[in-house]
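Down below is the structure, laid out as structure tokens.
By letter and in written order, the chains are A, B, C and D; residue numbering begins at 1 in each of them.
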Amino acid sequence: MCNICTPEIGELLKDAPKNWGKWGPEDEVGSLNYLGAPQVLAAMASVRSGKLFTLQVPMADPKGDPVWPGRRGAERYQIIDEGHWIGGKGPQFPGGQHYADDAISAYLQGSTQYDALGHVWYDGQLYNGYDAKTTIGGLQKASVQAIAERGVVGRAVLLDIARLRGKPYLDKGETFSHLDVLAAAAAQKVEIRKRDIIVIRTGFIESYYSAGASAFFADFVEPGLTYSPELVHWFHEMEIPNLVTDTMANEVTLDPVSGVMLPLHGALMRNLGVAFTELCNLSKLAADCAEDGQYDFLYVAAPLKIVQGTGAPVNPVAIK
Amino acid sequence: MCNICTPEIGELLKDAPKNWGKWGPEDEVGSLNYLGAPQVLAAMASVRSGKLFTLQVPMADPKGDPVWPGRRGAERYQIIDEGHWIGGKGPQFPGGQHYADDAISAYLQGSTQYDALGHVWYDGQLYNGYDAKTTIGGLQKASVQAIAERGVVGRAVLLDIARLRGKPYLDKGETFSHLDVLAAAAAQKVEIRKRDIIVIRTGFIESYYSAGASAFFADFVEPGLTYSPELVHWFHEMEIPNLVTDTMANEVTLDPVSGVMLPLHGALMRNLGVAFTELCNLSKLAADCAEDGQYDFLYVAAPLKIVQGTGAPVNPVAIK
Amino acid sequence: MCNICTPEIGELLKDAPKNWGKWGPEDEVGSLNYLGAPQVLAAMASVRSGKLFTLQVPMADPKGDPVWPGRRGAERYQIIDEGHWIGGKGPQFPGGQHYADDAISAYLQGSTQYDALGHVWYDGQLYNGYDAKTTIGGLQKASVQAIAERGVVGRAVLLDIARLRGKPYLDKGETFSHLDVLAAAAAQKVEIRKRDIIVIRTGFIESYYSAGASAFFADFVEPGLTYSPELVHWFHEMEIPNLVTDTMANEVTLDPVSGVMLPLHGALMRNLGVAFTELCNLSKLAADCAEDGQYDFLYVAAPLKIVQGTGAPVNPVAIK
Amino acid sequence: MCNICTPEIGELLKDAPKNWGKWGPEDEVGSLNYLGAPQVLAAMASVRSGKLFTLQVPMADPKGDPVWPGRRGAERYQIIDEGHWIGGKGPQFPGGQHYADDAISAYLQGSTQYDALGHVWYDGQLYNGYDAKTTIGGLQKASVQAIAERGVVGRAVLLDIARLRGKPYLDKGETFSHLDVLAAAAAQKVEIRKRDIIVIRTGFIESYYSAGASAFFADFVEPGLTYSPELVHWFHEMEIPNLVTDTMANEVTLDPVSGVMLPLHGALMRNLGVAFTELCNLSKLAADCAEDGQYDFLYVAAPLKIVQGTGAPVNPVAIK
């Protein structure tokens, strides 16, 4: 890539809209503020059959977890199990019960996860204008704990771009825009309403499980949404609180037009405060939606309340 | 304690009911099977005002997490933050965005968490009769992943025992029975229905935050439900899928009658397959219920999908 | 590989010598007992010029550590540094000093390391006849702590097999025997004495740094010593206390004759109690020996005193 | 403490000597440069009987490790052991050997350890003048790796201050000076020579094991050397390369005269480049010295080569 012709993201987004200050100088949850009690109540109407779907990928899989290059998959360590009693080391509690215990070592952005609004920034400022130095040693501002304390409940719509394009999963680096999202909605006969949670399926993470890790990471470039001023405007106008996808970064790795890496993290998350939920496995949900034709649902998710965390794992629930 | 007169738990529970085999020989989620689509749909009726509550305690708090003695609180490690760019070490991505990343090391039973049904056992068998040797090196059977893949959605009822007894939190070792639970329901004017998720507040974890860790752990004995054949019978008859409390073990540490440690783990979890959600902070939810008089709500929770895990952290959501 | 024709190691070694009981039923350090005060004193004669060499490979390298497939390289986490003060979070101590702190997460066999004598076994028994069930949850017997409490000091001889064969490093799977070791000694004009520490250079780990990780791990089979009854006899007769090499397993991965994996771990470590020091980088030491012609030296090493550890990292020192 | 009257350490040490630049602008090992080949050779004369002592405290002890408040003791995790084969999960290697593996999570300053010269600083500069910002995210300069690559070999002298004062261990906060060190040498009839490694016993860490952790940490203030310009001058003149003690910080926690915390870290380590080895257990060595009257010995130590580490665990070896 030619760094000379790639603009700084601050330059690229110099006219882009911001929601800073909109919910007060201390706000840390951004566009999730769009999800008030009326939205919660309205979302209940999307529950029609009582079907449930959980959207997290497996975590600490002995066969390996899919994580962004440079991160490391979660590791689970056994602390105690029946072996301790077989080996004569198990504690003898009154009544004699046995138990198993374990521990985990994991990147907080190493599974299906919510980004803190302060996870990515530029020009020395996070979402809502917080100083980038507040990130040192842990997020003093706009950490994932704020999102976790609040919880996320609302009406969500699945947009199945892979299905729209007639393929099991998008190609590496394949892009789409909000117009494709709208086209998917039209094809699926589902309405995207203001303040809906947008759930986009590319099928990409499914290829990790079907094609294997080697193929998945070879020449690694994720497919995804790609930046345009119009797309940002659409998210802004529609007051989208939360973008949920089945890729690690919710957008194409490199914007093919500007060359900027992950510009929607700047435009949507840092500037508008849109919450990002990444790396969901949407395969079962999408298959069910295709079968019963219902693409809207009640979405309930609350990441772990990691104090000062840059993100936290989550297992979102879709209720149809 | 007199170990001589303390019976083995297998002896104590020799006539106790079991749900083994009820949902097939491969079942790993037990009484959560009681929560089918009809229960999910019915639960929506408990959503009346659109208020949300998240029930996890903070995790990886630099001031320390409350964990069972012998376990260790979660630790968060910073991987990268604005300091790296100040020090000249931050990566230079196209477009120039900065970011923060972190990792965690934690006991899987070290925060608000779901126990796997295979977490505790006796007489060499887990829930559904699985061999205890299947726990070695990670739960091959009845791991928390099974619960996490399913998700938990249903009507829940808060029973505020601390409020019933007119105290901010129960004393150490203070016990109560299902009759107290029913008395709380009556006092609160809420009906406990079959297949309801039972959420019990003792206030105990709140004392960790108000009175401090030293006081909390001094002569550590949790208050809680205490074993009786009648209590087990009640859970069985009522087909309770999930017991949620604000203590680490969901029951009094030592049964004052038999001397057995944590017998409800055997009677309810191992034998009946009741899911245990432990260490929730119910203070805000309870205050709101006391104010608006609505003690039932939609409960949505899905622990992390830890492969072979003995438990997994969770941030349950209550929607009123 | 044909498992049908590969014998069980107990069959392969059924007539092999054992040192079990030789140093008492509670011994946990095996052939290191050969290194008594006379050997320590005699070893001082190998110090002639005052040159030092440290033999560990770098650990927790951000570029990655060389570890056996299935293990994971060490990770270092920053706890605090000058960034905390820049960000306003650093503690203010009387007098105002600043400091940096960090932590590590590592496999205990994931760097240059001593194996505990109980690290590998067969037929249900460890070195000295200890029951294999004593390994459950941590080595109750023959842990690395025993070696660490003792320390290792003696005369060592470097045998440079790569140099003998005129190559920078042996090929993958390339083997050699004790006769080659003796040939190297002859070529180097150095005498191998009874109770000498044997230090063997294959150059293999150097290829990790020169050729890169991908090439190193492609079709991974380490070169090394290969099993024969005569080789075992030679170690036994020579009373070799410690075998030190620059490969991860101190022997060829698969014995090409029998098909057995790592048989010298059984024959030398489990049966004779020979201490294994693995994954040293011998490049600087070997270059110096080639230059000054002195291939013997004082060897001083003490792994970390990891309680119940299966192994522990070490940074051995060679003094010429 | 009165912070108003406590000077900044830069003020306290404004006239103190520095060795910055003495060994070049790229030097990272400081006073260890005093230990050249002549010193190594001379040290061999201190080996008279062939007795060995290892000086590390046990690490990852299930009963707990002694660590500075705010740090956490090392934890060892079992990865695999005989239980896996009992449970039917163990891998089946050709020949059928079994093995045990484990991992560790530890503070790098959480056991007997070498401080990197860049571990503590003031006024924005580390040893040799390196910018404090080079510590961000890992020590770019003066990390422990530099010391580990070099290794430490020299003549050492044990000064037993506890014995001098006729007590098993010094009281909390009890101080002594270089004059006491000289008095101990005189009482022990041992000469301290230029460039000797100074090993000081207070007995303090022994009290952790004899009196228990609660007593050890109650009103925690370590005993130790205390600052004076004369003491710094003595270390400078004597060209002491390495200060080794049995406390966590090698000096009294708070200087009772100035109120400054750990001023010798500034005066000796940062300014003079004296290597600090902390938390050795000297009980066996001291008992032996008292018995045979030999207080000098060959000291050999090499911490782990932790890349960018602020410190690294070590198991020093004393050879008499």
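Simple rule for what comes next: a contact is a pair of C-beta atoms (placed from the backbone, for glycine too) under 8 Å apart; a residue touches a chain by one contact, two chains touch by 3 or more.
Keep in mind that this is a model prediction, so the values were computed, not measured.
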Same or different residue numbers at the chain A/chain B copy interface, by half rule: same
Result of counting contacting C-beta pairs for B-C and A-C, higher pair: A-C
Centre-of-Cα separation between chain B and chain A, whole angstrom: 26
Centre-to-centre distance between chain C and chain A (centres being mean Cα positions), rounded to whole Å: 45
Distance between chain centroids, defined by C-alpha means - chain B, chain C (Å): 46
Residues within chain C bordering two or more other chains: 78-79, 81-84, 86-87, 103, 105, 133, 135-137
Footprint of chain B on chain A - complex, ascending: 1, 3, 6-10, 12, 36-41, 44, 47, 49-54, 56-62, 71, 74, 76, 78-79, 81-83, 86, 93-111, 116, 118-122, 124, 132-133, 135-139, 145, 148-151, 153, 254-255, 258-263, 265-266, 300, 302-311, 313-317, 319
Residues of chain D defined as touching chain B within the complex: 72, 75, 80, 83-84, 86-89, 105, 133-137, 140
Contact set on chain C toward chain B in their complex: 77-79, 81-84, 86-87, 103, 105
